[in-house]
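These are the structures, in C-alpha cells.
The two complexes that follow have chain A in common; it is paired with chain B in the first and with chain C in the second.
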Partner chain A sequence: MAVKGLKTKDQHIINLANIVNSPRSILYQKEDLLAYDCDGFTIHKHLPRAVVFPKNTEEVARLVKYCHEHDLPFLARGAGTGLSGGAIPLNGEVIISLVRMKKLLSVDLENRRAVVEPGFVNLKLTNSISDKGYYYAPDPSSQYCCTIGGNVAENAGGAHCLKYGVTTNHILGLEVVMPNGEIIEIGANGIPDAPGYDLLGLLTGSEGTLGIVTKITVRILKNPEAKQTVLAYFDKVADGSQAVSDIISAGIVPAALEMMDKTAIEGVEAAAFPVGHPKDIEAVLLIEVDGISAGIDEQINEILDVCKKRNVREVKVAQDEAERGRWWANRKTGFGAMGAISPDYLVQDGVIPRSKLPIVLERINQISEEYGLRISNIFHAGDGNLHPLVLFDARIPGETEKALAAGSACLQVCADVGGTITGEHGVGIEKREEMRFVFKDEEIIAQTDIREVFNPKNLLNAGKLFPTPGRCVEIKKEMKAASTAAN
Partner chain B sequence: MVTADLVNELKMILPEERIGENHELDHPLGNSGKVKVCPETEEEISKLLNYANLNGKTISVVSGGTKRGFGGLSENNDLLLSLENYKGIVEHTVGDMTLTVKPGTSFKELQDYLAKHNQKIALDPAWPEDATIGGIIAANESGPKRLGYGSSRDAVIGLRVVYPDGQVIRAGGKVVKNVAGYDMNKLFIGSMGTLGVLSEVTLKLRPLPKYESLILLSFPEGKSDEMKSFAVKLLDSMLEPVSLELLSPSLSEKLTGEKLYTLVIAFEDVESSVHYQEDMVKKMKPFEAKLEIYKREKAQEFWNAFYKNGPNGARSSSTNETEASLKVGVVNLDVLEIVRESELLRDSHNLVVEAHGGLGHGLCQIHVRGAIGDVESAIKHLRESAEKNNGYAIVKHLPYSLRQKVNVWGDNPSYFFLLQGIKSKIDSNGIMNPRRFVGGI
Partner chain C sequence: MSVREMDIKADPSCTTNSLSNYLWSDPPDENKWADCVHCGMCLESCPTYEHTGQEQHSPRGRVHLIKSVAEGKLKVNEMFADPVFQCLDCRACTTACPADVDVGGLIEEARGQVRQAMPLTGWKGTVSKAILEGLFPHPNRLDSLGGLLKFYQKSGLQKAVRKTGLINIMPKHLVEMESIMPEIKESVRKKYKNENVIKAKGESKHEVSFLTGCVMDVMFGDINEATINVLTRNGNDVKIPKNQTCCGALHVHAGDRETGRKLAKQNIEAFQDSEKIIVNAAGCGCMLKEYPELFREEPEWHEKAEEFSKKVEDISKYLYDTGYEKPKAEINKRITYHDACHLAHGQGIRQEPRDLLLNIPGVEMVHMPNSDRCCGSAGVYNITNPEMAGAVLESKMENVPDDVEMISMGNPGCMLQMAIGVQKYGRNQQVVHTVQLLDWAYQKEDEGKEGK
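And then the complex of A and B:
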C-alpha cells in the first residue's frame, strides 16, 4: 500500500516509507535529519539520507533487503549515546532506528533469562525485574537511556564489570538481520555453547558492521544479598593507584573499583551531583563490594586497612542506600560534569595492565602539559580502563584538532605499556587510525576478512572500526587474493 | 607422495629431531597423521603450516590428546602436529592477574603453579593432568563451576594464532577489557583447531577462594518434584553457589557411595560467608533429602575424583566395550529431565551411564559404555530428548569407526553458510583439522 502525504520525489524514500507503512515512520527532510547527523561523538557530523523506524523484525529485514538490492548504504541506530561515532552516517546512510522496537518480550526468572527487543533501554530491564530481586548486570553510565541493542553492538561495559563482566558475558542468544535481509537466530532459546563457531561472541562488539540485532536473550542475575560502598580520599595519586593494586592482590574481587583525579573531582563537584569531595586531594576511590552479607564486613575491613597503609586521608563507608546512590550519581555523571568546568571535552577509553597505572597517569600529565590542555581522569581502575577527558574550547581555532591529538597521544601511551585503545566505547570513527597502535596490517585484514563473510557488499555501516587502508594493506590484500586464486 | 618423502621434505624446513614417522597410525580414535611433528617454537609451527598450505598437506592437531575422540572424519591426515613439547608459562603478571602460556601446558601444572600465588584460572575442565590449555580453549571446555565463573570464552583475553598460511595473528591482548576491533578471540575458542593453531593463550585469573565447601544433597527415588522445587528456591535465593550440579544415581554412587540423585552445591568465599550459606541450605532443604557437607580438602578430593570421570582420549581404554560421551545443552532446569532420561538408559539399553548437569547453566555431560549398537541407539535417544526440549546434543567422545555412522555434531544450523564462509576465508585450502567440526568443516 502506498503511503500518502510524503513531500519528496526521492523514489527510494517513497519505497522505504511503504515498507514501514506510515509517513510517521520515516524522516527525510533536512531539519528532521539534523538530529541524526552524529551520536555521542560530536566532532564528526554527516546527514543521513533518511531515518526509518521499523516496528518489527520483518520490517527491518525488508528495509535491509531493499537497501541491499539497491546498493544504498545503511546502518542501525539505538539511542545514539555511542561515544566513538559508530552511528554517524558517514556515507549518507539510511538510518534504521530501532527505538520503536522497545518491548520486553519475556522474562524467565527460574532460568534467569530475559528476551528484549534492541530498542529496550538498559536500565528498564533492571527496573522491570528488581521487585523480584533480579537485575541485568552490564551498567554503562548512560544506562538510563542507552539501548540493549546498542550495548550488544558496542559490547558495552560499565562500572560493575570488574566482577560481573561486560555485555558479551551476558548475551545468550540473538536474532539478527543479515546485511542481505536474511534473518538468522543464534543461541536459540538462550542455550549456551551452540555447536559451531561462536557467532554470538563475534557479533557482540562488532559495532553494527556484521548484522542488525533484532532480538536479544540476556542472562539476568539475582541481586546480591548485601552491598557496601566506600569512598577513600588520597593526597597522592600514586597512593591511590597502589591501593587499587593492593585491594586486588588481597584476593578481593570488588564489584566496582573506580577512581577520579583532581581535575575530575573539580568537575563533578561543580556539576549537578556534588557530594562534598575535598578539593585539595589528588585522587578519590569509589569501591563497592557485594555478595553474601556474612562475608562483606570482613572484606570492607580489609579494604580499609589497605587504604590506611597507603596513607589515605579519609575513608568512609556509605551509611545507607541514599548515600550510596548520591556517590554513584556523582561518579556516573562524571563525563557530563566536565561541561561545568570546560566548554568542550573529549573522552578517551584506553585500557592498561593495572600495574602500569602510576606510570601511565604520569605520562598523561605530561601530555596535558605538552598540549596545553587540561586532562581529567575518571576511570574503572579495577580493570585498568582509563577515561582521560581532554578539556578544550572548540571556539578557539585549532583547539579541537589539538584535543584530538592529545587524546590520541593518551591512547598511544596505553598501547605502549601493553594495553589497548578502547575498553568499552568502541572504535567507531574516532579511533580508526589508532587501531594501528595495537594491530599490524595483517591483523586488520584478518578482521576485514571476517566482515566480508557477513557483509560482503559493505553497505552496512561502512567506514567504521578499521583504518582507511594504507597502500601497503591494499597491495597485501591484492597479493593475497592473487595467491588464493592461484591455489 | 610416500611418507618417507614427506619426512625428507619436512627435514628441509624443521630440525630433524622434531619429525618422525608416526607408528601410531590406525588409532581407534582417528585424528592421526602419517608423519608426527612436534614443534618447539611458534616459528616452527608457522613454517610447518606454511609448507602444508602451499603443498596441500592436511594436518591433525593434538596436544594432551584427551579430546582425540571429539569429532573428526579423518582417520589419518598427512601430518600429526603435536604440541606436547610446546609448553610452559610465557608471562605471569601477578599484580595484573593475567597469565600467558603456550598451548601444550597441562591444566594441572598451571593451577599448581598459580596456587603458589593464591591465584587460579577460573575453569574446571575434566582430566586436568592430561588436558592442556590449548585443547581446553580449542574445545571451549567448562565444568560444573561454570555457574560461578563462566567458561573458556569468559576466561580468555588474548590469543596468538598461527593461520594456515603461517602468519601469526594476535587477537585480544593482555588487558581484561578490550573492544578494539572484532572480538576475534571468540572465533578461535571452541573452533576445534579448524582455523589455525593457538600458539599462545592469555587468560585472566581470579584469586583462590579463602575457603570452600560443598554440600551433597541426595534425593530418594520418586522425589524429583521436591528436587526441582528445591533447586528453584535455591536459585531464587541470594545464595551464591559456584556449582549446582545434579549427579545421576550411578555417578553419585561412584563419587559418594550413595546411589541417589545428588545435587552438588559448592560455595567458595570467605569462611564466614561459606558457613552462612551452608546454614541457609540446611534450612531450605526438603525433609526427604539427605545432606552432607564436605569441607576444604574433602571438597577438593571430591572434585579431583569428579574430574577423572568419563572417557579420556589420551588413555587407552581398558574395556572392549564402546565408550561415548555426550554434551547436551538445554534450558537450565530442563537438565533435570535430561539427567533422568540418561539414567533410564541403563535399563532400557543395558549400558553403564554416568551423567551430570548444571541447573544454573543448562549443560549436561553424559558418559555411556556398553555394546556398540546400544551406545549408538542411546545417542539417538538422547539427541531426541534434547531436541524435544529445544536443545542440542553433541558427541564429545566416540571411536573413529562409529563417528562415520553417527553425526556427532547434529544437524547443521540454519546459518551454516556463515560457518563455511569463515572457514574458507581463513583456511581456503582446508588443511587444518579437515572434517573435524560441524557439518564437516
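And then the complex of A and C:
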C-alpha cells in the first residue's frame, strides 16, 4: 500500500517508505537528516540520503534487497554512540536505523542465554534479569544507551572485559540479513563451537560491512557472589602503572582494572559526577575483584599491599554499593566529561603489552607537547587498552587536523611497542590509514577479499575499516586480476 | 558494478564561513553547545527519543541542530521548529549529561528565535496570545477565571455539559483534562489580600515571602493554604507580596522570552525586600532560579536576577534545611513519590521531599521505578502536543505501583497530568502535593489533642 503524506518526488524514497509502511518511519528532508551526519565520532560529517526505521527482520530484508537491486549504498545504525565513525554515511547511504527493533525476545535462565533485537540497549538486558540474579557481562562505558546490535558490529569491550572477555565471547547466535537481502542464521540454538568456519567470530566486529544483524542470542551470567572495589591514588604515573603489572603478576585477575591520569581527573572532577579525586595526583586506579565470597578479602588485601609497595598515596575500599556506584559513574562518563574542559575531543584506542605502559605514557606526553594539544588518558590498564583523549577546539582553524595527527602518532607508538591500533572502538573511518601500521598490503587484501564474498557490490558501509586502496594495493589487485584472466 | 570508496571531503565541523542564521537578539549561547561532545549518554534519558527513536528528537540531536543554525547549515523554519518544540523541556538530559550541557537553556533560547522568525498565526496565535499574554500575567483575571470555574462546577453547569454531550465538541485530550479538574477552592491571594503578614503560630523565627503561582492558586488554593499552614506552624511569618505575578515559565517555554523578561522584572521588584522566597510549584521555582539566563544581554538586570535567584527555595528543601516539627499523628497510607522534572532535574531536589513523607508516622513509601521520568505535563505541552504527551503519560502510569493509595509530588502541572493518567487507565490513586500530606498530619495531630 502506498504511504501518503510524503513531501518528495524521489521514487527511491517513496519505495523505501512503502516498505516500512509509514511516513513516520522514514526521514528524507535535510533538516532531519542533519542529525544523522555523524555518530560519536564527530570529525567527519556527511548527510545520508534517507533514514528508515524498520520494525522487523522482514522489513530490514526488503529494504536491503531494494538497495541491492537499485545500487543504493546503505548502512545499519544503532544508537550512534560509536567512536570511530562506523555509522557515518560517507557515501550518502540510506541509513537503516535499528532503534525501533528494541525488544527483549526471550530469556532462558536454565541455559543461560537471552535473545534480543539489535536495538535493545545493553544495560537494559542486565536490568531486566538482575532481579533473578543474572547479568550480561560486556559493559562498554556507553552501556546506558548503546545497543547490543552496535556492540556486535564493533565487538565492543568494556571495563569488565579484563576478566570476562569482550562481546564476541558472549555471542551464541545471530540472525543476519546479508547484503543482498537474504536472511541467514548462524549459531542457531546457541550451541557453541558449531562445525565449519567460525562465522560468528567473523561477523562479530566486522563493523557493519558483512551483513546486518537482526537478532542476537547472547550468553548471560550469574551475578558474582561477592564484589569489592578499590580506589588508589598515586603521585607518580610510573608507580601506578607498575602496580597494575604487579597485581596481574601476583596471579589476581581483577574483574576490572582502570586507570585515569591527571588531565582525565581534572575533566571528570569538573563534570557532572565528581567524587573528590585529589587534583595533584598523577594517576588513579579503580580496581574491582569479584567471584565467590571465599578469598575475596585475601585478594583485596593483596592488592592493597601491592599498592603500598608502589608508594600509593591513599587507597580505599568502597564501603557500600552507593559509593561503588559513584566511582563507576565518575569513570564511565569520563569521555563525555571532557566536554567540561574542552570543546572537542578525539579518543584513541590503542592496545599495548602491559609492561610497556610507563614508556608509552611518556611518549604520549611528548606527543602532547609536540602538537601543543592536551592529551588525557583514561584506560583499561588491566588489558593494556589505552584511551588517549586528544583535547582540541574545532573552531580554531587547523586544530582538528593537528588533533588527528596527534591521535595517529599515539597509535604509531602503540604499534611500535608491539601493540595494535584498536581494542574495542573499531577502525571505522578514523583508523583506516593506521591499519597500515599493523597490516601489510597482502594482509589487507586478504581481508577485503573476504568482504567481497559477503558484500560483493560493496554497497553496505563502504569506505570503512580498511584504508582507501593505496596505489600499490590497487596495482597488486589489478595484477592479480590480470593474471587470473590470463590463466 | 561496485561502488567506489570515496575519499572524505566533508568540512570539519565549525570551519564553515557562512553566517549564523539566528537573526535576533538573545540567540542560543555558543558556550552551551561547546560543552557537548556528541557522546550520546543523553539518549535514553529523553522521553521523545524513547518514543520516536529519532536523533532530531533526542537531546544531542537537538543541540546538533541548534548549532547547525548558528553555522549557517540550517534556517530557522518549521522543520527546525518541530524538534525544538517537541522537546518536553523536562531536563532529564541535563541530569544524564557527563559534561553538564545546559540543553534546557539552549532549547528555550532556540524557541525564542523560532517565535520571532515565525510568530504564531491563526487560532493558535489567538489562543496563545489570549492565554499567555491576556491571562497569566494578570492575577485579577486569573482569580476571575477561578471564580468562573467554581461557578461552572457548583452551578450544575458542569453536570449539564457532561450530560448533554456538549463536552464532546472539545478535542479528546481537553475532555480528559476537564474531567479531572480539581474542585476549585478559594485562592490564598484573595483570602489574605488584606493581611500584610500571616504571623507564625507561636514564636517567630524567620520571615519568608511566598510566591503563590498561577495554576497553583487558581486550581489548588488548598495546597497554597496547606503551604502557609506548614510554614506558620514552623515559626515562619509569611508575606505574600502584592505585586508578584506569574513566574513566566510558560512564556519562556513557549519562546516568548520578551514577556518572560517583563514578568521577571516585576517579580524581582515585588520581592526586592524579601530574604527568602518560598515556592511550592517546581516549574515556577526552577524558572525563578533561572531568571539570570533571561538577562544575558542586560547586565544590570542580570545582576539583580542573580541576587534574586539565590533567595528562591522550594518548600520541601526549605523545611528540610531549616528543620521542622515532625508530625506525631499517623497517616496510614501506602504512598509513592513522583519526581517533578523541574524539581529533580531542574533543581536537584530529590531526597528532601521523600524525607518529609518518610517522617510522617504510618506512611509506607513504595518506590516508583523511573520516578524521575517526565509525566508529559511539561507546562502546557499536554495541550499543545497531546499525542506525545499521551505516550509519555502511558509509560509513566506503567511505572506507578499497583498497590499504592496515593501519588505524591511537588508540582501542579504534574498533579493535573497524573490525575488524568489515574482516570484514563482506570487506577484509583489519590494525587497529592507533598506539603498537603504534612499539613494533614499536623491537622490530625491537632484534632487528636482537641478530642482529648
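Here is the rule we go by: the second predicted complex is superposed on the first by the 482 of 487 C-alpha atoms of A that agree within 3 Å, B and C clash if a C-alpha of one lies under 4 Å from a C-alpha of the other, contacts with A are read in each partner's own complex, and residues count from 1 in each chain.
Criterion: a residue touches a chain if its C-beta (ideal position, glycine included) is under 8 Å from a C-beta of that chain, and two chains touch if they have at least 3 such contacts.
Source: prediction; values computed, not measured.
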item	value
Room on chain A for both chain B and chain C (clash or fit)	fit
First, second, both or neither for A:Ala271, with chain B first and chain C second	second
Residue contacts with chain A in the superposition, chain B compared against chain C	B
Chain B versus chain C as contact partner of A:Asn155, first or second or both or neither	first
First, second, both or neither for A:Leu459, with chain B first and chain C second	second
Which of chain B and chain C A:Leu27 touches, first, second, both or neither	second
Chain C, chain A and chain B - angle at the middle CA centre, rounded to the nearest 10 degrees	140
Touched partner set for A:Tyr197, first chain B, second chain C, both or neither	first
Touched partner set for A:Ala340, first chain B, second chain C, both or neither	second
Superposed arrangement (fit on chain A Cα atoms) - minimum chain B/chain C Cα distance in Å	16
Complex contact set, residues of chain A against chain C	24, 27, 29-32, 34-36, 38-40, 42-46, 51, 53, 71, 73, 79-81, 90-91, 97, 99-100, 102, 119, 121, 142, 144-146, 271-273, 333-340, 343-345, 394-395, 397, 400-401, 429, 456-459, 462-463, 468-469
Of chain C, residues touching chain A in the complex	1-3, 5-8, 10-15, 34-44, 52-56, 58, 61, 64-65, 68, 73-74, 77, 79-80, 83, 95-101
Contact footprint of chain A on chain B as seen in their complex	93-98, 118, 140, 150-151, 153-154, 163, 167, 169-170, 173-187, 189-191, 195, 206-208, 210, 232, 235-240, 269-270, 272-273, 275-277, 327, 329-333, 360-363, 390-392, 394, 409-410, 413-416, 418-419, 421-422, 425-426, 428-429, 437-438
Complex interface listing, chain A residues touching chain B	108-112, 133, 154-155, 157, 161, 165-166, 168-169, 184-186, 188-202, 204-206, 210, 222-225, 245, 248-249, 251-253, 291-295, 298-299, 351-355, 380, 383-385, 418-427, 431, 435, 438-439, 442-444, 446-447, 449-454, 465-466, 484, 487
